[in-house]
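In order of appearance the chains are A, B, C and D, and numbering begins at 1 in each one.
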Amino acid sequence: MTNPLPYLLAQRKPDQVGTVIRVGSVSIGGQQPTIIAGPCAVESKEQILAAAHAVKRSGANLLRGGAYKPRTSPYDFQGLGELGLKLLSDAREATGLPVVTEILSEQDINLIAEYADMLQVGARNMQNFSLLKKLGQIDKPILLKRGPNASVKEWLLAAEYILHQGNPNVVLCERGIRTANGAGRNTLDLAAILEAKQLCHLPVIADPSHSTGKSEWVMPMSCAAMALGADGLIIEVHPDPANAKSDNDQQLDFSEFDSLMGKLYLKPLSTAGFAGGWGMD
Amino acid sequence: MTNPLPYLLAQRKPDQVGTVIRVGSVSIGGQQPTIIAGPCAVESKEQILAAAHAVKRSGANLLRGGAYKPRTSPYDFQGLGELGLKLLSDAREATGLPVVTEILSEQDINLIAEYADMLQVGARNMQNFSLLKKLGQIDKPILLKRGPNASVKEWLLAAEYILHQGNPNVVLCERGIRTANGAGRNTLDLAAILEAKQLCHLPVIADPSHSTGKSEWVMPMSCAAMALGADGLIIEVHPDPANAKSDNDQQLDFSEFDSLMGKLYLKPLSTAGFAGGWGMD
Amino acid sequence: MTNPLPYLLAQRKPDQVGTVIRVGSVSIGGQQPTIIAGPCAVESKEQILAAAHAVKRSGANLLRGGAYKPRTSPYDFQGLGELGLKLLSDAREATGLPVVTEILSEQDINLIAEYADMLQVGARNMQNFSLLKKLGQIDKPILLKRGPNASVKEWLLAAEYILHQGNPNVVLCERGIRTANGAGRNTLDLAAILEAKQLCHLPVIADPSHSTGKSEWVMPMSCAAMALGADGLIIEVHPDPANAKSDNDQQLDFSEFDSLMGKLYLKPLSTAGFAGGWGMD
Amino acid sequence: MTNPLPYLLAQRKPDQVGTVIRVGSVSIGGQQPTIIAGPCAVESKEQILAAAHAVKRSGANLLRGGAYKPRTSPYDFQGLGELGLKLLSDAREATGLPVVTEILSEQDINLIAEYADMLQVGARNMQNFSLLKKLGQIDKPILLKRGPNASVKEWLLAAEYILHQGNPNVVLCERGIRTANGAGRNTLDLAAILEAKQLCHLPVIADPSHSTGKSEWVMPMSCAAMALGADGLIIEVHPDPANAKSDNDQQLDFSEFDSLMGKLYLKPLSTAGFAGGWGMD
């Protein structure tokens, strides 16, 4: 017994313009793409401050960093917890960048909402309906990642859980789906961005880091997502990717991120071939 | 940085016999398969009592029934909540069958543990690590379903999260994976049962209801899972599947369940052909 | 513009009994399961004769063996070609077992049909429509494997291509689908056997060798497929799997195959636990 | 027993520049992207001539059109056969565009090679090794589509089959993979283009028509593939998509194709938002 209007609140009405979501002073879904950047995990004061300054300098709009990490094994680094939140807050103070960080437990909502400007629901929790309902009752914007095997319909209904509880500020993030033989860590499903934007008025950004799992593919995939019309990107950037505590292969260093930002914004259109993409270099 | 012994506690040591998990007076993982049966959701006192008596009569060992339902849409029936728990408890009193029910929220652990004999983690929450950690701190057995796209390794590491916190009583349940072109609702991955039992000492049962999504396929798939060596089955049974509040197509009625149980236990081996399976009829 | 009766010839009419296909003196689809066994590839006279005698002794009904091998790399062993066909024919003469072998090229049809009793279309050629049409014009039975990513509908329509050209003798074979996280080499989709038998009157057998890719899983998966109601099995058996020219990990040796056949036919029903399967040991 | 240099001929050596493949007067893999366009199937003289003139006018470099169609059902339109080849040849004469068309049968190689400038191996035949070997013995360039479930490694080894027989002129085409929950008909795996270009020196183009299956998604997906660095595109264009004999939903009409070509080449870089893509409009 399914409701005849399955996405009562998330659904884009005919001719409805896309909703712009505000995160602090930053807009997502407007006339400019929004770039979220920062390390996979907050590891130390030095690391997060260095990353925050670097991504700000290159033009990023928001800072990301995990304080509570959803790790496949209980024996892997689980994040710094509240200390990580404090360090993120310090980095915001130092750079002015609003902060987005992942929430794993319903019981941490108040704590995280105190420190962060936007709360991220990770791919594994996309259908943690109990968490979604509670996030619908706070007044912070939510970044909702698509599950690695979720249909677009299921993803939009997960957003609907949040909207339905009264929080209208949801940004969707496509981060790749698991496939039998796709190249890389996950397969970035760009058509899902098109479908989500057709069906739903919320902004949709892309995650080229988790989808590819390889730092050298992040730039061309970012160009592709932008050319397609994504509302922004979330990119992992670390001072020293080889020695990061997680996601070593996919984090960009500062110089790589700076090149990527230059590619996205500054260069005139040409057709210079593979290394840079036809339309972007 | 992954631990060299990824499944420190879940791992089957050479020649280790399988662990037997006790749920009330019932064993899972021993010399007899264990059959868990009951409706998708608890809907009313009459419904759950009728189902409990019927599955008991046919030989089931445990009663299942959802009080908190993880539904794709917020507009679908979400379960009776605590009332559902009370009705399950009444059904246990009436039949003597221990009760297993799904938990969706960390905040419900104490409440559900008060009423139920075993707590089920559904497929969507297999990597809700915060929930897994808290379930590792209670003294009730846990039924851990495999995520619809999880590898066997990820599934065993999810179990490891529970064991690591001190709760050794975990039963694994294979319920089908999502595939591009597999027949039915999900594809029951029987080889995953073989792999899980090779790598891990915990019992592994199969769910022929959610995997096939079709009531007429539940019997042959149950026979297959038993012939393969699964430690048991969890089967959806409802007094009136056509009018159930969820999972209408896959629930068995009482007569179908009774036939299935007869097939599994009572008939001598023959080779009577397709309708009953070569080895089971 | 799809035909309203998509499987005009393959479709099972209401109450239609399954079609029995004859291969030499052997029936597939009747009251007894049919077991096809033999090496992945014909490698030498000694090898194929030894294998033929061994599988015959254990009760197999047909001999399999590849003379033309579809290998992922052009640098891998491509089969003995016509010599392989001759050796298969010798093995048939020595044992009385009819012979099935794979066809890769339309241009080999007459040659292979001269030597073999049944021609196999491999998974990679399931939608080689040009080959299917030509196989519809000969009078030998065809063993049609399901593609590793084909839907049941596509599989039945591939059979329809053969039937439509006038050859009614097609046996379907489920050999596993490719999935993102399924255990083993491919995921045996047993529900596809149920769906194919519901929709279509042709016999359907299972391939536990290619689906699992592990010799130790072939026995329990064979028991599962038989318990479900498959019309037979095709199993790779080699005198010395470790030194085979292909598929080393999944071929059974003679002793393992003999145990499997004993398990399928000779033992009384019991519930002796995992090692043998509840219904089969 | 796999060769230690699995892609002996296809493999990109360190610092090797990409190979440029010539099709008539057209280059694929050079400094400019190559656009192949035309209808799914050749249906009539009027249709193919109109399409050829239209795509030429908008800037396409090659004409595509199917004379032999690989259809899932034997009852669907199978193509005009040799008549279709003649009409393609007429269209080339009228427009100067070289012609690419699909080959389904080894027995048609000489016939098709007489009419066409490039022969296409469709996704279903990517591992039709017998066909690949014979195509390695002719002197026409080959367009090799990736199978809907093939790994990049398998795809490159399929190319190796052609190269190994002596034909060095192979262009790879990514056309989408089948996934459980990807949006659209298939999931365009753009990372596979990156991986193929890293491992292999051959040009790689993208097919936004078959991957998305929806005409309105062809433009943004084309922009994405170009921004990523694909060497070209193959796009279905039909005078009247609604009345085409196949692929009605995904073919562009002439006006849509003209807009797409304008988007790819003519517009200055801006960030005008979703409708046109950030980098492309």
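Just so it is clear, a contact is a pair of C-beta atoms (placed from the backbone, for glycine too) under 8 Å apart; a residue touches a chain by one contact, two chains touch by 3 or more.
Just so you know, these numbers come straight off a predicted model, no measurement behind them.
Set against one another, A-D and A-B show the most C-beta pairs in contact at A-D.
Subunit B and subunit D have Cα centroids separated by 47 Å.
Distance between chain centres (mean CA atoms), subunit A to subunit B: 35 Å.
Averaging Cα coordinates per chain places subunit A and subunit D 33 Å apart. Shown for subunit D are the residues in touch with two or more other chains, namely 149, 154, 178-181. In terms of inter-chain touching, the protein chains here all touch one another pairwise.
Remark: subunit C residues 149, 178-181 touch subunit A in the complex.
Subunit C meets subunit D in the complex at residues 1-3, 6, 8, 70-77, 104-107, 124-125, 127-130, 133, 148-149, 153-154, 157, 160-161, 164, 178, 180, 245. Of all the residues in subunit A, the ones that touch subunit D in their complex are 18, 31-33, 149-152, 154, 177, 179-184, 187-192, 194-197, 211-212, 217, 220-221, 223-231, 264-265, 267-269, 271-280.
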